[in-house]
Amino acid sequence: MMEWSVYLSGEIHTDWREQIVKGTSKLDLPVSFSAPVTDHSASDDCGAHILGDEDKKFWYDHKGAKVNAIRTRSLIEQSDIVVVRFGDQYKQWNAAFDAGYAAALGKSLIVLHDPALTHPLKEVDAAALAVAETPEQVVEILQYVTKGQLNR
Amino acid sequence: MMEWSVYLSGEIHTDWREQIVKGTSKLDLPVSFSAPVTDHSASDDCGAHILGDEDKKFWYDHKGAKVNAIRTRSLIEQSDIVVVRFGDQYKQWNAAFDAGYAAALGKSLIVLHDPALTHPLKEVDAAALAVAETPEQVVEILQYVTKGQLNR
Amino acid sequence: MMEWSVYLSGEIHTDWREQIVKGTSKLDLPVSFSAPVTDHSASDDCGAHILGDEDKKFWYDHKGAKVNAIRTRSLIEQSDIVVVRFGDQYKQWNAAFDAGYAAALGKSLIVLHDPALTHPLKEVDAAALAVAETPEQVVEILQYVTKGQLNR
Amino acid sequence: MMEWSVYLSGEIHTDWREQIVKGTSKLDLPVSFSAPVTDHSASDDCGAHILGDEDKKFWYDHKGAKVNAIRTRSLIEQSDIVVVRFGDQYKQWNAAFDAGYAAALGKSLIVLHDPALTHPLKEVDAAALAVAETPEQVVEILQYVTKGQLNR
Amino acid sequence: MMEWSVYLSGEIHTDWREQIVKGTSKLDLPVSFSAPVTDHSASDDCGAHILGDEDKKFWYDHKGAKVNAIRTRSLIEQSDIVVVRFGDQYKQWNAAFDAGYAAALGKSLIVLHDPALTHPLKEVDAAALAVAETPEQVVEILQYVTKGQLNR
Amino acid sequence: MMEWSVYLSGEIHTDWREQIVKGTSKLDLPVSFSAPVTDHSASDDCGAHILGDEDKKFWYDHKGAKVNAIRTRSLIEQSDIVVVRFGDQYKQWNAAFDAGYAAALGKSLIVLHDPALTHPLKEVDAAALAVAETPEQVVEILQYVTKGQLNR
Amino acid sequence: MMEWSVYLSGEIHTDWREQIVKGTSKLDLPVSFSAPVTDHSASDDCGAHILGDEDKKFWYDHKGAKVNAIRTRSLIEQSDIVVVRFGDQYKQWNAAFDAGYAAALGKSLIVLHDPALTHPLKEVDAAALAVAETPEQVVEILQYVTKGQLNR
Amino acid sequence: MMEWSVYLSGEIHTDWREQIVKGTSKLDLPVSFSAPVTDHSASDDCGAHILGDEDKKFWYDHKGAKVNAIRTRSLIEQSDIVVVRFGDQYKQWNAAFDAGYAAALGKSLIVLHDPALTHPLKEVDAAALAVAETPEQVVEILQYVTKGQLNR
């Protein structure tokens, strides 16, 4: 395996993805990243904007969610590792949905969240091969997994 | 198909499961139901109670979540239809996880929730074949799907 | 295999399904049949009737088509043999869709149509294990396949 | 994913494929396209021409349809996204067959057709992640899906 | 597993199937058997007889082989164990084809043939979990596999 | 699911299987059990005894191991839950092989062993949904999983 | 798809593989070929030669057939198209086994044989997308399938 | 297939991996190798070191085993051939687990061990396509499988 494919799912309001990408880049790890579209309003509006507006909120959202699914399902299916980050705000059911989707496909799942969320995330964590609290830990896992290096 | 297998996932604080079971029973539909263990404290404690106590909350929860997974994954995998109900309280990430898991397995997904939750549930709804607001609607869908009867 | 499951897809305006069911019943063949809902207006209206009306024709149809899919996909997936009948009227794209769906799942496909439709159906026929012109021929195939009897 | 594979199935009498290819090329999108053989007579004659003539129309068509299937099935199976275009003429059962085949394989399906065809295509549309009316919309979807760019 | 499904493929000119069926019946083993249609001429003629005669030998055979495939593929797919018997006459390529088909599906393969055929059958034998020379040995394997009894 | 299928793999020198079977029987749990042949010498000798003796130990063992595989692979593939017990003697590589086989098939894995074996079994335990130390715990898990009952 | 992978199985005593390779090379087709080891004696002896000699012919052949299977199964699984050639000599059960194996994996199958073999090969031909008589025809199929060119 | 992917699982205390890598390198074989992390203490400590220390040995080991599984499962799933080496020390249940995991995924399995271990490894050997005693033999197998060369 020349390169590991890692999909970064979940929370889009902090810079955790950038931290992981920079961290692995600095270490020159053989990893390529993908992610959902993280521009919140583009993600909300893409369906109705491209395919035609909708009066009902349900269909407006529905069209957008499906266009996003074209991207996210392909990327999850082609990844080796799926990292799902849960923040302390919002419902984030799409993150948990992605985790379930990835688990059923047999992907290696890494969950990234604050210890405060341990109880409500217990079913998601139970399906994971690692539960991290910081992006640095995810970088260290990727370093160990792809290069066998453990920093002591 | 003599009998349809329906798994009822999600919210455990209202009687929506009983309503669906009674409704289909009254109509004598060829449907058998399964569900996670809905006794909240049993569900939380099963792992540590059976397999040994844990000091750390994380492992206490972890053991319980995994013992529950023995039940839920088998039942989801053997069902034809998965109904996932979201209520207005709690994180309910396990419900969204189940929805993603079921979607990746190609199960027919019915999501049951209040219209107020449409926006945060748009990715889950986008994977569903029906989005219902009431247990009665789920019963009507099951009646139509299994018997071809539509009440006008 | 105690009983063969046969799904009867396609045209709903003639009594070809009844002919096949009666024919196999007379011969006491170990076959159980399933089919889409063949009540045309129920099939069109089920989504909007159960889950709420829609102003736009697209979403009205969409909701109905998805509720029907709960039934049809499960039945196709659980069948051993899929018979798809094409008549001389209407677009019947749902029939061709079912044929493609069944073919990709590796189901044994029997196509039933008039020789006049040979050219436009050549791709569908190419995926079939038998191309019949009459319901009687389908009954004879089922008799041969399930009991090894050939009427000479 | 360096490059997305998109299969363009269906109607062969207008230049919709060229429009999509040009549109994505102008935007320099990481997309590679494939398609069935769109030379109508070559597509009809390939089987009998290469493998030997047939007196019966059925076998003439059959041989051709199967040789074409060598191409189309491999390309569909290796694509990430399948776009199926329905025009206003001909039976186009092969297009609906491809849509069903792609759906059963879990491919992301985009259907492209005039609103006038909404009702007869409802089952096909129900399996799609996007229903577009113009090639430009398909290009915009591909731009959004592969690059996350939405033109406002 | 209440009952084991065993498919008996291959040579149709001796009574090896009857010997196995009788042998397991005498021992009251929880085994159910299935097989291709073993009436040679019915098997050859079924396609053209039911679906219409053909002038060309190729298509005559083709139609028959496909009708037989409806039976054989379903039965192989639903079996736990596939026994393939090779005799000392005829090409028997269908038997080897069934063995390859069963191997690719991960079925437990038992090959039954005379030691004289060891060399040309080495690739088939290499995919098998047992290579027997007599029907009695197959019965003994089934007795051991289903009941754990070894006759000493 | 009327009945859960549980495969009991591994150590054959103590009565742990009987304890689990009796325990679940007393509780009237909807569970059916299967297991490898636990008669050690029959298990060693079945291949050569039925299919012909071998001079070389390797082939003697090989034939036996393959005949046993006919039983064990089918039973593992058809089970919902696989329990693997490791004792304190012997190599028991077949038990670990079964655990890996079950894990790759996505079966729910329960590992049963003494805490003294924690370190060498860590990779096996990491793939399990429960790690038990006593047969009683396995019974309690089965009670909870199948009936939702937790004894407090 | 930049390049099509074609596996050339079967008869090893004529130069049909070279003819196909040269023919496609002359046309500069985007095709890469693979094949079993066609050095007959190396193929027979590889197992015993590398892994240790055997007295019994059965195990001598067995070891060789399994070492060859490491090559052939991987190559078949990674090919898009499998061409199987049957000659007029030898049992060639390995060729029919490969055809069945490829068919069960859903590979596009092209069978190449003399018309004299039509009857005994009818089950194999029934699983094929093309039945050719000459290597030139296979080249023409590959030209049409990969480039859409039909020579008139 | 430009390059064969070979995963080297099992024993980490001798230089067998280096011997195989050097041997194939000298022959310029088109093979790329992967392996678990073979630094024993890094492998033991990675989980707790990166994700946080644990008091209980069980969880310490558990976290490490799971982080290692991110690496090993991906590499096994993407390999064509899995070589598993058993030494004469330690439990090596992880090696047998990998063998079972690889077997269930249909990978070509080569087992490498001393003849003294034949009896306890018989179930593992029974799932293998080759059982070798020395790294040189593995190199010769890889030479034969990838290049068709047999050294006489």
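Order of writing sets the chain letters: A, B, C, D, E, F, G and H. Residues in each chain are counted from 1.
Following the convention adopted for this analysis, contacts are C-beta pairs under 8 Å (C-beta built on N, C-alpha and C of every residue); 3 or more make two chains touch, one makes a residue touch a chain.
Predicted, not measured: the structure shown is a model, and the values here were computed from it.
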item: More contacts between chains, C-D or B-C; value: C-D
item: Chain located farthest away, centre of chain E as origin (C-alpha); value: A
item: For chain B paired with chain F, centre-to-centre distance based on mean C-alpha positions, whole Å; value: 31
item: Centre distance in Å when chain C and chain H are each reduced to the mean of their C-alpha atoms; value: 49
item: Length of the line joining the C-alpha centres of chain E and chain H, rounded to whole Å; value: 37
item: Distance between the centres, which are taken as Cα means, of chain G and chain F, whole angstrom; value: 41
item: For chain C, residues that touch 2 or more chains besides their own; value: 66, 69, 131
item: List of chain G residues in touch with chain H within their complex; value: 5, 34, 37-39, 42, 45-47, 49-52, 63, 66-67, 69-71, 73-75, 78
item: Chain E partner contacts - residues on chain G that touch it in the complex; value: 57-58, 61-62, 64-66, 68-69, 86, 90-105, 115, 117-127, 131
item: Of chain B, residues touching chain C in the complex; value: 1, 4, 80-81, 108, 110, 128-133, 137, 140-141, 144-146, 148-150, 152
